Amino acid sequence: MANFGGHAIPGSFFLLYGFWLTVKHILQHHWRTNQPKARRVMPPLFRKLDYMEGGFLIFASFVGIMVEQFVVDGPHARLYNPEGKSWVKLMNWQHSTMYLFFGISGMALVASTASKQVPAGLDRLALSLALFVEGFLFLYHLHNRPLLDAHIHSLLLFAVFSASASTMLEVFKRDDIVLELLRAGLFFLQGSWFYQIGFVLYPPNGPKWDLTLHDNVMFVTMCFCWHLAVALLLVAGISSAVWLNDAVAWLCLNAR
Amino acid sequence: MANFGGHAIPGSFFLLYGFWLTVKHILQHHWRTNQPKARRVMPPLFRKLDYMEGGFLIFASFVGIMVEQFVVDGPHARLYNPEGKSWVKLMNWQHSTMYLFFGISGMALVASTASKQVPAGLDRLALSLALFVEGFLFLYHLHNRPLLDAHIHSLLLFAVFSASASTMLEVFKRDDIVLELLRAGLFFLQGSWFYQIGFVLYPPNGPKWDLTLHDNVMFVTMCFCWHLAVALLLVAGISSAVWLNDAVAWLCLNAR
Amino acid sequence: MANFGGHAIPGSFFLLYGFWLTVKHILQHHWRTNQPKARRVMPPLFRKLDYMEGGFLIFASFVGIMVEQFVVDGPHARLYNPEGKSWVKLMNWQHSTMYLFFGISGMALVASTASKQVPAGLDRLALSLALFVEGFLFLYHLHNRPLLDAHIHSLLLFAVFSASASTMLEVFKRDDIVLELLRAGLFFLQGSWFYQIGFVLYPPNGPKWDLTLHDNVMFVTMCFCWHLAVALLLVAGISSAVWLNDAVAWLCLNAR
Amino acid sequence: MANFGGHAIPGSFFLLYGFWLTVKHILQHHWRTNQPKARRVMPPLFRKLDYMEGGFLIFASFVGIMVEQFVVDGPHARLYNPEGKSWVKLMNWQHSTMYLFFGISGMALVASTASKQVPAGLDRLALSLALFVEGFLFLYHLHNRPLLDAHIHSLLLFAVFSASASTMLEVFKRDDIVLELLRAGLFFLQGSWFYQIGFVLYPPNGPKWDLTLHDNVMFVTMCFCWHLAVALLLVAGISSAVWLNDAVAWLCLNAR
């Protein structure tokens, strides 16, 4: 998917997911801090939200894999071409693999919501592994690319591996609102950075970027920090909006 | 042991060990969560299992060292050849060293099961060190090998060092089922990846792989992620099977 | 700001900040350890100190950004020069970005002091990110510099990233006096090292250093350890002075 | 100190220190586990031991610095030679710096034993920094050395940085016997590896090693693992001996 759209689609997905996570975790945090200790059972609404999130992850992964495999120039589920003695469309297979792990994390979320037998923290472990696999496959993607192209993708890896590490921490420190919002912020960062990659490598209108200029590398590094600032701002803004909104009161009333 | 069998034997060992760990830890977890707090003493059955595991590790390590030393073309316990001014069969000595540390971890398991004086967590520390030494010796193994050969072994190191790190975490966080299952899953991954290395470097039937082709490197990286997915699936499947099986009920009855 | 003054100004700032942190945290620690458990509410004085600190960070960052943008040879808020097809004064923009994140950490400190709704630890997370961004931008600064220049800046990164990591730990381990003093010490180290960089690269009087001599690299590495020793000594000295001083008794009386 | 003796002296020191730590921590652990909860005050004997240890560290560091400075071919406290425009005996200065930090860790141990005002964990932080500085200075020592020389020192760094990291963990997890024994074991490893370096680089009798042969690198890597095994064995043996010995009973009687 070496074009602008191919970066805008995952970018939009990650931005939306970051938005969803911010809202969900702020509501959960509000619930936790406002309940007396005796009644620390999550209301059914939150379980429904988790089912929806898990179901969406499974569904979106399935669609993603199908699209990657069966687009016109896709591999159509063929992995090896014995005549040409070559692998068929490895890029599409790699993307399918990434989707697969997000699908697995969706399944882990559904399972850990549905049953108390499933150990707590398994959904976070699966999400952490999904992010790790995403970064891991990107890591061996960068070989032999021009300077700016490799650099802009390696910055993406910062966001991906940070998200993987902070999600791994959540396995051991459940219900920590700082870590949960950090995760949401890193999804925002990842999403907006996908857009940035699209704009730099495949500018929809306007001139091409010089992929070998060192000044561009320096600008892009700084730009990554601005995206981080914006991501923090978005999390802070959405949190405040959710917090202040009457919706919270309404929700808490109805959730009881 | 530069042939297919030399990779299939440790691969089978690690797959079996992963299976054993999954079953053992699920049974222990079931016991822990179903007991009232007052009676948190492990039933004698679990101690017997730990003795068996430790004894097996010691025995298997001993056999492994003996085989490495006294096979026909082995070093026969000679380390240095003063005439030729060279080391004798360093590869066999390295494998013996790896086995030695797994043997030590077996001893630590037996000791910490037998006596309350032995500090809790020592068995995990020893296992973590055994995995670290395995990875450490492999690390300086990769020098001067063709691209694909070095890459496929460096992927193995991801599994080995991750297992070492997660086992080290268990020193401080005992009886955490997520970490225990992660360890089991990483043993599955290591085991199945040993088979994969065997199939790629010494294909038992079929053509040789081109060890310098960059597409093969990309495929192998992706393939590692598939092995990870299969390892997760295996752990999940075995856990569910153990859980659902009447054996659990039977065991808990008999263990009391 | 490639001159001696451009390194002395941030150096002085970090030295002062280290001094401030040492005094503040020693007073807080004294308060915590001398109060009966029932009355573990921070006295209003400490909240005022936090407001002052946050306000100062915001103010100083704002001034810093303004100066970097609107000095005579600054970019005057212009980022891209369409005629020359080049970025305008990227160095000044990078410094502005660093200041921006310290400003954000000031806002987080004010917010978490003002409201209980803001999760505890957010101020430390923001400070940790500010330090990370500082180090991150420096990291891609070092390209194509002479040996000693690159080395002396990479030593700075040790101080910066260590401070970022130890501050991140404080998100999860609040009110740990060892971590708080370590952070203060690392700010001292950073501050004095900025001065050292100024003296080495832009010696105000005396001869130039040979930037390619390997012996200079070895001396500078050792010198960094001496700065660390001095930073530890400063923290120990200030802590003892605050502790022994009557001011403590006076403060605790008045804070009640 | 580029001769056999120059490696045997620190080696002996670290071996002795490892022995001391093993005995001390086993005795402390025995005391902790055998006391009723109400009387968890350390007996005065342990405080005396800590004073002795701290005093010895300060004294030995002082002697070490004096010797490094005022041996016949030492720098005699001169740092820069203005005529030759060169640094004077940087190697001796580096060793003095290492000793300085071990001296600081001795002071921290004395201070934290003497006063309750000194925060717990400060002595471990100082020891961790001393080990870090040792490794840090070695790290920039390895430049431009022959293959085997660089490799054998980089293996030393594994022991040094592992000890630094595990000691840093002890800042947060006090009185954890596994970590304490791990630290003792890593001092054994460091000590015996210093001897090994001496034997390889400056063989007291027998032929010189070929410093460029790759087989020697492989052997030395494996040999490092054997040293680790021996270090574990030593810790286990000494612990058992202390434990079983009547001395324990005697000590506990007298310490009351």
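Letters are used for the chains, namely A, B, C and D, taken in the order the chains are written, and counting of residues starts over at 1 for each.
In this section, a residue touches a chain if its C-beta (ideal position, glycine included) is under 8 Å from a C-beta of that chain, and two chains touch if they have at least 3 such contacts.
Everything numeric in this text was worked out from a predicted model, so none of it was measured.
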Same or different residue numbers at the chain A/chain B copy interface, by half rule: different
Turning angle required so that chain C lies on chain D, C-alpha fit (0 to 180°, nearest 5): 90
Centre-of-Cα separation between chain B and chain A, whole angstrom: 32
Distance from chain C to chain B - Cα centre to Cα centre, in angstrom: 45
Set of all touching chain pairs, with the criterion as stated earlier: A-B, A-C, B-D, C-D
Touching residues on chain D, where the partner in the complex is chain C: 86-87, 90, 93-94, 97, 100-101, 104, 117, 119-122, 125-126, 129, 133, 136-137, 140, 143-144, 171-172
Residue numbers on chain D that touch chain B, as the complex places them: 29, 173, 176-178, 181-182, 214-219, 221-222, 225-226, 228-229, 232, 243
